[in-house]
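Below are structures written as structure tokens.
In the two assemblies presented below, chain A is common to both, partnered first by chain B and then by chain C.
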Partner chain A sequence: MSADSEDEFMSGMSSEGGFEDGNESDSVSFGEEFEDDEPALDFGLHDKDITSAPKKPYEVDFDVFGPRDIQKYQDKQIDEVGAILGQPPESTAILLRHARWNKERLIEGYMDHPEDVLEKAGLGLAGAVPAKTMVVDGFVCDICCEDEPGLETYAMKCGHRYCAECYRHYLSQKIREEGEAARIQCPGDGCSRIVDSKTLELLVEDDLKDRYHELLTRTYVDDKDNLKWCPAPNCIYAVECGVKKRDLNRIVPTVRCDCGHYFCFGCTLNDHLPTPCALVKMWLKKCEDDSETANWISANTKECPRCNSTIEKNGGCNHMTCRKCKNEFCWICMGVWSEHGTSWYNCNRYEEKSGSDARDAQAKSRQSLERYLHYYNRYANHEQSAKLDKDIYLKTEKKMTNLQSSSGMSWIEVQFLDTASQALQQCRQTLKWTYAFAYYLARNNLTEIFEDNQKDLEMAVENLSEMFEKPTSELAALKVDMMDKTSYCNKRRIILLSDTAENLKNGSWKFNIDINTA
Partner chain B sequence: MFASKRLGKELAKIHDKLPPGISVAKAEDLQEWQMDIKVLDDNPLYRDETYRLTFHFSSKYPIEPPEVTFNRTGGFKVPIHPHIYSNGFICLDLLGKQGWSPVQNVESVCMSIQSMLTGNTKNERPPDDEEFSSRNTKRPRDVNFYYHDNDV
Partner chain C sequence: MALPKRIIKETERLMAEPVPGIKAIPHEDNLRYFDVEVHGPSQSPYENGIFKLELFLPDDYPMTPPKIRFLTRIYHPNIDKLGRICLDVLKSNWSPALQIRTILLSIQALLGAPNPDDPLANDVAQRWKEDEPAAIQTAREWTRMYAVSENR
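Our next item is the complex of A and B:
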């Protein structure tokens, strides 16, 4: 980022509109951006072999379901189990919910002690009583104390009878105010009978019924370990994945919802590949605890290491050029840029001080802070750069749209910018987490390969990021170059993630903390 | 109000007859009542003391539980108990959304609290009392009590 390139993007462009998240494919393959339905466009054809390759070590199998699928699947299970148990659907539903959808356990338990199972699920003795309200002579409602003749009343099989009005109020309180559905009990004191869906159908208004079914579906997903809601705001999909909790120190199960959101199935946080959930949790906690120490790092201005004039960062790229003295340096380590990417220079690696430097406690604590700041600095920087990259892309995109007519390019043809921008976002996300990962990594013969992969991805990312800062008029001519850099970034990311995941699976990484206690 | 008939009946009933150790201090409207309770046996923790409870009724009472707290002003003390906070809040599952049943009433709540005191031998506050009482400015209904085991 050169400090004076700012004006280039400042000429009255408001950045509206987000990314078009391609939801054309369910595949998790990260190369999918390269598959285009417009074959004439030659979008990264050289990546075809990667896209069609079998599953990569860091990929997991998963499925995405909409609310209707979930409802259907639930109904199907209810029918199946109901037929085996000889119970009507509404009771079967209660039994299954009570057994947290463990069919086998429910059927087995029911075969042995049907009465017990029914009792525990709040169903009491079997025997169909049709759900209907009735008028009872001399009835006084224990809830509202109404006693007028002709009062409509209702009771479930437990016989606790209240006026229909009170029953309705009670149900609406539970559903609307308390968000309950699967485990609403009879209003009677100490009665554990569960309100079944037949009762609900009879008593509550339609809008509440919708809410009730929504809540039931919610409970279904919440009850199943292999199902999780997509955490994106307002997203209606749930994702199914077979990775178990106990596997989380060996795999990072990253899934892509149909809404376009990538998240970790283990902890539902945003994609944090290649770092396992336990380390993510530890790292976030540490960053929170140390936020004040680390605050100065996220500052947007620094001084040029050569002439000390103030440099403001306004793009994602970390290759800085001082406007005044033309010094080119790296924003992260403040080192000379020309040395980046050469074999002896390592911006990403933390050089451990030799033992003699850190003899006393103070020196040790200074060194441990320094080490943390090294990694935090890079972590925070990629996070911030990703935001700046996005800003600059949105501005560029707007300008490209305006330029389409003059450059003679069609809308489809400027999509390479979108593809590049998405790759940049994803790669920075990965890079960010490699630094948290590295912080907890104990040195062994594998760390060097990891650091090399990290450095290669970092350089690829900075090179692509830099392209976005070119004058918009030049971008059309840079299309091929940009596409090459984009696919190179993706390739580097795949290499890094595959290597990390492979070693994680084999337990080859050594950490400087106990990952199992996190 | 949804159940004015119900509260009207309860009002008539508590002015008429209440179990021993429980009495009405103030019940003039259908929003807030004050009830006094005494522990009848010779439990040394509560001997010769009268405690005052304030009941608040929402418009959804008795579908929703009333808010019940011990008074600590007007010369009243908050009884010592492992489930009663020094700010007067009571951790009792029957007063929570899960444990409440709309057939419960003021009288039955008073009786439950009375028997909770009668059976107690521990001269102590909940373990998180200091933190909870100093920080908590919410109303009881907004507090998500984690119910201490109910064997006390």
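Our next item is the complex of A and C:
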């Protein structure tokens, strides 16, 4: 069962996931022509599927790409599609960007109505005009009003001609100030022609070219569903992963960027295994907004029936007098006090249906609040502990140096501290999210197994965490113990995550909310 | 900073061949700042009104659009209380090939053809859609109140 669904994910990946996504589908008709430039990446992907060690159920296939790789794949696709469409690379690039890199749709559309496609992408009528500046007699630039003879001018195929200086200025304004790249239009009024890369190469200064290419690469990654920028600050890598949006309720695609940052490919938040994105979103929202404050208010307070001021009863009898409007009422039935007649201090409506309903509602609200707080406190505790562990991690380096000098161990020999601290971080991160996950779980056997796993991991983590607080002098003696505990932690984490992921994939979890509507 | 040739030329042309119904005069101490007057188009609720605007050419002009604002109060779905104007050519559709003259003509055209589907002043736009005759009546009254000088 699990193998089946795993295959499904993998096949989904290799058919649509790669940069070379068109290879399987559209090359049915074109494949033979392009046999020799079969993309290397595709082979790489298949190789990996065969040779790599069997992955854990919670792991997903992904690749990390640097800016240069992305540029390369972009160029390769442009070449391929350009050959099919019979268009020069710069026009192909514009067409592909216009089609948001959906190769199949572009080729299909182009085969049916080439003029329409070109027009919509801002390429207008074809006609060979080489990209170079020229001098035109009697020319007056509409932008700067310069009319000196010998003025260099430039125009694209649309014929909107301006002096080269203004053109250059216009492009740099767009790139530098407005951050545009892929869809810069001709400076002419109302002209929707997109400035092609040849023009940019010709006119833009070198320092801006880098920025331009960076922006182009950015739109390439932004346009592709299977590519995402690593959200870590200042990280230049993009990650490719084939997991689709619709699969996110069955898998938590956690990827590790080359910069070392772990994040969820589905929502780009920090690693939140084992909790699926939808639950994470709900949980964060719940913790963030004041819904629980509202819950507390509803559990502990009532409103004055006349002026609606919120009142907390902190003792005394049921005869309430609103501080604000001086309304006198009964705390139990909320009725006007004067109507209580002789049954003062013993509201006889208490046993009535409306009274008991109100009481039930209050009890329920209190219960759900307590349940939430149970999970939230543990979630928050692990978050806090992870922060503290992070401090330890920062101090680890120092500890390692100390240990080296005090015990005479070599640098390699003290690496166990670093490994342990990283394991601790990762396990805490996982534990934290198990509580958000558990909050949404319905009670059944699976949930109990889950909680057992959770408990085991938690104990392992706390044991390891405790060792970190020992003075440096004792650490050398604890080395073996610590390494054992580290690997035990990691093992418990893998067990928990594998179990959760298997059940998620098979749809075995029962939640107390509808995960699909989240 | 020396005034670019483009601005000098544009100003000269605005003075030499003014557009009918539009006046734009630069300040003597700041040639990038213009006092503008636009006549309400005939057949529109703004007919007979003379609307004052201010226009400023930023340093990057003509790479960036001029900044324009109505000084005279006006009841119009695309112009808000502060006189700011919602017009595509002043924002995303600006092209350096456009000029002060063309922009002011666009604004005059906007007075003749209000677009309540792309509103800036929500209350006005809503009224415009719900009860157009009444909205037009208000626009006419405001024009009489704020945009018609006494000596007429």
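Note that the second predicted complex is superposed on the first by the 388 of 518 C-alpha atoms of A that agree within 3 Å, B and C clash if a C-alpha of one lies under 4 Å from a C-alpha of the other, contacts with A are read in each partner's own complex, and residues count from 1 in each chain.
One rule holds in what follows: a contact is a pair of C-beta atoms (placed from the backbone, for glycine too) under 8 Å apart; a residue touches a chain by one contact, two chains touch by 3 or more.
For clarity, every value in this text was computed on a predicted model and none was experimentally measured.
When the two complexes are overlaid on chain A, chain B and chain C occupy overlapping space and clash. When both complexes are overlaid on chain A, the residue A:144 reaches chain B and chain C alike.
Of the two partner chains placed around the shared chain by superposition, chain B and chain C are both touched by A:189.
Legend: residue contacts after superposition of the two complexes on their common chain; A:170 is shown touching both chain B and chain C. When both complexes are overlaid on chain A, the residue A:136 reaches neither chain B nor chain C. Of the two partner chains placed around the shared chain by superposition, neither chain B nor chain C is touched by A:480. Across the superposed pair, chain B and chain C both touch chain A at residues 142-146, 162, 166, 169-170, 173, 177, 187-191.
Residue ranges of chain B in contact with chain A, taken from their complex: 2-3, 5-6, 8-9, 60, 62-64, 97, 101-104.
Partner chain A is touched in their complex by these residues of chain C: 4-6, 8-10, 60, 62-64, 93, 95-98, 102.
Within the complex formed with chain B, the residues of chain A that make contact are 142-146, 162, 166, 169-170, 173, 177-178, 187-191.
Listing the residues of chain A that touch chain C in their complex gives 142-146, 160, 162, 166, 169-170, 173, 177, 187-191.
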